[in-house]
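Take this structure first; my questions come after.
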Amino acid sequence: MLVQKKATPFLLGYRLYVVAFFIFLAAPLISAGAFAFNDSLFPALPWQGFTLDWFFGDTEPKLGMFHDRRLLQGLYYSFVIAIFVSALSVFVGTTNAFLFVRGEFPGKNFFYIMMVVPLVIPGVILGISILVLASDTANYVENRFDLELEFLRPGILLVVVGQFSFIATITSLVITARLKKFDETMEEAAFNLGASRARVLRTITLPFLRPAMIAAGIVAFLVSFENFNTTLFLVGSEAPLTITMYDRMAKVGSTPVLNAVSFFLMVGSGLLALLSILIQRDRSGQ
Amino acid sequence: MTDNPSYDLECLDVSKNFGSIRAVKDVSFDIPSGSFFSILGPSGCGKTTLMRMIAGFEDPSGGDIRIKGKSVLGTPPNKRNVKMVFQHLALFPMMNVYENIAYGLRCNGVGNAEIKRKVHDVLERIALPDVAEREIHQLSGGQKQRIAIARCMVLDPDVLLLDEPLGALDLKLREAMKIELKLLQHQFNTTFVYITHDQSEALVMSDNVAIMNQGEFEQIGTPQELYHHPSTAFVASFVGDSNRWSGVVKSSDSTGGKVETEQGLPMSFSSAGEKTMQEGSRVNIFVRPEFIRTVRAGGGDLQDAAGENRMDGIVDSLLFNGANSRVLVRTGSGELVESDVTLTGENDLKPGEDVHLVWSSKQSMCFADQGKA
Amino acid sequence: ETLRLLTWGSYAPDELIEKFEAEYPDIDVEVTFSNNEEMIAKLRATGGAGFDLAQPSHDRIYAAQLEYDIYKPLDLSKIDTSVMEAKLLDGVKENTTIEGEVYAVPHQWGTSGLMADKTKAPDLKSWADLCNPAYEGKTSMRLKRTILLGTAFSMGEDPFAAYSDLDKYQGILDKVAEKLIECKGNIKAYWKGGDDLSAMMLSGEIVGSETWDSTAYKLFDQNKNIVFVPPKEGALAWIDTFALPRKAKADDAAYKWINFVLRPENVTLMSASTGAIAAVKGGQDLLPEDKKAAVNAAFTAEDIDNLKFFANIPPGVEDMEGKTLEKIKAATGG
Amino acid sequence: MMQNKDIKRLSLYLLFAPFALWIILLVILPHIGMVVLSLKEKIAPRVYEYSFANYLEFLNEPIYWNTLLRTGSMSLLVTALALLIGFPIAYYIAKIAGPRSRGGLFLLCLIPLWVSDLIRAFGWILLLRETGVISNFLLWTGLIGEPVEFLYNDVAVIVGLTYTVILFMIVPLVSTLDGMDNAMIEAGYNLGGSGFTVLRRIIIPYAMPGIVAGCIVTFMLTAGSYLTPILLGGKNSSWFTEQIYNQFITRFNWEGGAAFGMLLLFFTSLVIWLGLKLSGQTLANTVAKS
Amino acid sequence: MTDNPSYDLECLDVSKNFGSIRAVKDVSFDIPSGSFFSILGPSGCGKTTLMRMIAGFEDPSGGDIRIKGKSVLGTPPNKRNVKMVFQHLALFPMMNVYENIAYGLRCNGVGNAEIKRKVHDVLERIALPDVAEREIHQLSGGQKQRIAIARCMVLDPDVLLLDEPLGALDLKLREAMKIELKLLQHQFNTTFVYITHDQSEALVMSDNVAIMNQGEFEQIGTPQELYHHPSTAFVASFVGDSNRWSGVVKSSDSTGGKVETEQGLPMSFSSAGEKTMQEGSRVNIFVRPEFIRTVRAGGGDLQDAAGENRMDGIVDSLLFNGANSRVLVRTGSGELVESDVTLTGENDLKPGEDVHLVWSSKQSMCFADQGKA
């Protein structure tokens, strides 16, 4: 039966399937994480014994991630980029939510679809198209006015902008969904009780949206942190962690330090995810 | 500025158009201080629109609204001293009870100590002294209701507006809250304007009720007036249950008259006001089920029954509903007449029995036929 | 200020950077790893901005500069060219002089050739041996221009000579493509970076491959059976250079870095990381001991004489080669 | 209150501004730029002319459109697999798991999101390679006699891609199925439907918006993915994004790359348009809802 | 196999545990063919659980369920000829009305022509012949209701289960649907099992009602039996309104007895069944408001009032509610007693008047105190 919980063989098989699926989900992460503790120069079998050197080692060849300045720098840039991207995306997501839930204007449906579109454009193409536009503009300005617009050249700003271009869709959808559930009479009640427009926004509407904004921010942060396709084309000399790791893997050679970073990221993201769940729970309490 | 300053709320020819829809049409009324006023009408008749104009969420297309004698047309909603209890209450889920009640006071810049005092005071008055620290979702439906009222009352409004506040509650709770609301209004002695489409709510609680239909007020009066002396057929049919006959006036004077129904039965009525029905005009006769006595054909007490109107029939079915039981009688002309009966379980009427239906002409309400079905 | 290097993986070891920063406390070094193609693509996108020092191979500068104007001329007076191996310096200068301005000086040189596990593939001697059915499923190559050139040589052609006649070059490429497509069945996988090559080789999943010598030397460290094999057609030699992007903003720091890494004590550190030979006088002697051993195990004197330096790529060739590579990749074989 | 109307209009403009800036500057203009660029033909160094040469090049070269078709068909396969594998999981989470384990299972589903594409591929490489964990495990169990290479082939690419995108299939499915009243399923049985009938006539039609949303996102992500097919693919596995990358990076042919980019966008949009037509859904009630 | 094959549905000691929660405890009943049977009880008493067991969605922890005399314990839900109308109807939104009704027939492999005939037939019978091509969201609440019933009835079920099907409708519609449902049941002449927590629904429609409380059936009987002769205090208080007094039995025999209330008032009662209350035991007395007559203290008709019980008091307030008006009388001992009155608008009672409350001992229902508040 499709809804019942009777202990039939069918249900047993179903459960096994679900377990197998989660093993499938966890397998590559476990393998990527586990080799961080392999006392070997290569992230491969055979198992050479347990070590924490790939985290804390401070000498070559087992330079741990916490002593590897390039990785740390990548981590730092990833962090900076993700912070900006999520702040910007949450802001625009919030204004979009108000625009599409509260606003009445011609072509609303069309614009709504436009808002969703960036999510389905391949990341590579988003990256390239923004790169092309930015460099064409910069070249034009340079040739024409002999002015170097450095911010249009690959670098942190373009990466932020490129990631923002599709992450804003995600945050918009999340926050819009929440705002749709908002009972507008709540705002009227606040007006009625004597609050000014600004106060209503500050004390009623935004607090109601807050869980969605935080959740959207966390999602934006994670997606930015792990983005590769779009970033690849827009990155300048300040490479975020994924790019650093890719360069390391493709151009230098991987050591278990990459596994250590992976492990570190898993723990970090796991904690963030847990945080967002806690916020979610707080929300369901209301 | 105004003729009578003892009215808390006055509406003068207020109307509201949404594009071509005339939601409210030239409504005028005034409510004396401290009274409980209800607006009763079917869904979509414009009740909420009228209330939102009073609260300031909509601008009237015409007319004037005065509170304590002063026109409030230019006053934004957050500056009107009219508070509102919303249908779904609109309590703020992100604040606890204390903060919900304190919200309006904070908006007015009241000091913290004063807020504390006032909030606890109002919680005492609604008999919920201990819930200040509760979250909203920890309250029962009836408690929420009272908090929503307290949140308004703590601001000492001139008028409290309530838009179907019991609509979301379940049956038993609704019954209980009806009486409670009335008590709270006594408590605070503030003018309540209460919107509902449930006649029993309006009748039980109000000092005065306005019956609204298609954007207009059909009648304003005390519950008894409306029930016993409706001035229009709409009021007669909307307030309370009725049996209805169409007919033609045979004879009439200022005290009443006689009608022949479409089925050919004679029926007498007393005139409701001073109006004299024109002979030969088409009319509708309304008779409430509780005023029709059903007596067994064989029984000898027919003489007792003071009633100029009489009809014979057969019991079709009994709708047993405890104290509100009803009998459906099929008359000779085939129509079904409803009449209230008390079924005690002993010697009750049974389907198939021959009965007489008897009622006084005083209880026959007669209205000119408006041409509507 | 910041010195932003655009260079090869391992061309800026941490140890060296720390030393440099200690010497010039007001300079921060920031490194982006790249390869020849990406360096050009990046600098093209930035119009030569965003980096202060790039390190393309000597043959990849001329055409890119002509087409995209991404470098600026060097001020040779700020570089201590006297320490450089004259032959390499002259070669690079010759290849990268445009309108009388020099755009690059050499830094490290090395070769591309073959790598083999002596015990399992003792006879791997020619580029063509990668396609030897004896090693079916146990060889690898990188699908880039090196293997095109190597295969051309193994087929008796001289691709560098054909650069002047692009139609002829196209003819060679077509033949090479045909050969390599045929060879696909013999290949286990195309490697993409030093990493997957090392993993396959060390694990024994393959026994021979086209390779950079430096990668081979590193593996020699791990497994003395894995050696660099200069192909009998001659190993292809590259020289990685120093070049200044057109909008570099820290030229002084860049020159400081160039001079710094050319100092003998730093050369050893650098070579230890890169596995390649510094383009300074006696560069081979400045190799760390293990690398020296690996080089000696790999090269004889005549191998060195037989080196074929990559010739300057004229405009258009990269596109032709790129398309040939795509064709090979897309072909279904093996 | 005229003033009220003005405030409304003003706030509408203020809200519209960020949206317009975002969509125009970051989506529309860049794509117009791409179209313009793709219409340029390189005649000689630093000399360009407008023409359809880049598109003709694509049409005339079977390598390119073969790769595009291959990318498209493999993406469809991955989408179908993700749906087949993901639907029962989503159903389990939404309808069978107790309310308490539901949140936990959903969280578990999000685990692959915790790390980047790169690390996921990296993990698969460690598992699948000839000397990797799976091969060794099978050797140890004696199921195989000598190491087997699981990496560097299309199956590895499909496994890796399915793994990467399945989450985006499950999430919208769980949310639509969650919104489905259990009574609807029970009514399906009560009226005499078998498990299969209920699935086919009630559950699937009900979940259709979620299915379509999941398929669109999954398909687009797959077709646009870069790292996974590159890292897991073998000598015959080419992917269209790799082709685009090569045009831009290896061949410095931005014009061709732009044309390829537009072609990929056009092709995937076409597939999605067809899918929407066939399923009778619209973009607004599927992707936008999830 | 079974004793009496004319029962459509029998439950024998059915029980259901969810972990340690005993949702249904040893419930037994049987429903004769073609009757309307209601299960009435407060929220959470186990009604839905019981119904789900009958439909086959839950397996009983114990007992047996028989349909048309055959045990269905092993029969999966889609093979039981018991159809169900769900609380929120569970119409399929992705199908139109025709497909919704045809669904069950298709599952049974009925041919297309036959399906067409049957669907139009059933639409005729529910008086909605023209809605076949409508989408579900184009129907009104009452229409949806009828479609949900038609969808089941087209399959000719042995038993139709309805789980609070009117719960989601608004007041007026609910009133109208009550009568309509009863008519539909007559129409189809199928056994209906109807679940509700609204006593008026159960009383008006049912042939028999079971009162359920905390997983158990407290009483099964006709509406009149339950209302007039409740067998437990729970039934007395759950069905209909009551005034309640606690007291101690002073004297009693098999026909009735006398009680002294906590306030010290004497009160007499007739015994409901043959049970004799023990003298000195604590009991609760229930009296329905409609059986208490309120008469003016000055009025001479007190003698008329056949009633062994009498109480004096002052009118506290009048709750005017048309035919269901009520008076609250504050008695000498301070408590409020509710009594139904008919307010005609002429010569009615007014707050402050002295009145007597009179009722017959026959109408005093007496139950032993269970120790619950």
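Going by the order they are written in, the chains are A, B, C, D and E; count residues from 1 in each one.
In this text, a contact is a pair of C-beta atoms (placed from the backbone, for glycine too) under 8 Å apart; a residue touches a chain by one contact, two chains touch by 3 or more.
Only a predicted model underlies this, so the values are computations on that prediction, with no experimental measurement involved.
Distance from the centre of subunit D peaks at B, each centre being the average of the chain's Cα atoms.
The interface carrying the most C-beta pairs in contact is the one between chains A-D. Taking each chain's centre as the mean of its C-alpha atoms, subunit B lies 92 Å from subunit C.
The mean-CA centres of subunit D and subunit E are about 55 angstrom from one another, to the nearest whole unit.
Remark: subunit A and subunit C have CA centroids separated by 36 Å (rounded to whole angstrom). Shared interface positions of subunit C, i.e. residues touching 2 or more other chains, are given as 192, 199, 203.
Residue positions of subunit E touching 2 or more other chains, listed in rising order: 57, 76-77.
In subunit D, the positions touching at least two other chains are 129, 131, 186, 189, 248.
By the touch rule above, subunit C contacts subunit D in their complex via residues 37-38, 40-41, 44, 64, 66-68, 184, 187-190, 192, 199, 203-205, 315, 318-319, 322-323, 325-327, 329-334. Looking at the complex, you find that subunit E touches subunit B at residues 171, 179, 198-200, 203-204, 223-225, 227-229, 239-241, 288-291, 319-324, 340, 342-345, 348, 363. Subunit E makes touch with subunit D in their complex at residues 55-57, 76-79, 82-84, 86-88, 90, 92-95, 103-104, 106-108, 151-152, 155. On the side of subunit A, the complex with subunit D involves touching residues 1-3, 5, 11, 14, 17-18, 21-22, 24-32, 35, 43-45, 91-92, 95-96, 98-99, 102-103, 105, 109, 111-126, 128-130, 132-133, 136, 161-162, 164-165, 168, 173, 197, 222-223, 225-229, 232-233, 242, 245-246, 249, 254, 258-259, 262, 265-266, 269-270, 273, 277, 281.
Contact residues of subunit A toward subunit B in the complex are 183, 185-186, 188-196, 199, 203-204, 207-208, 210, 285-286.
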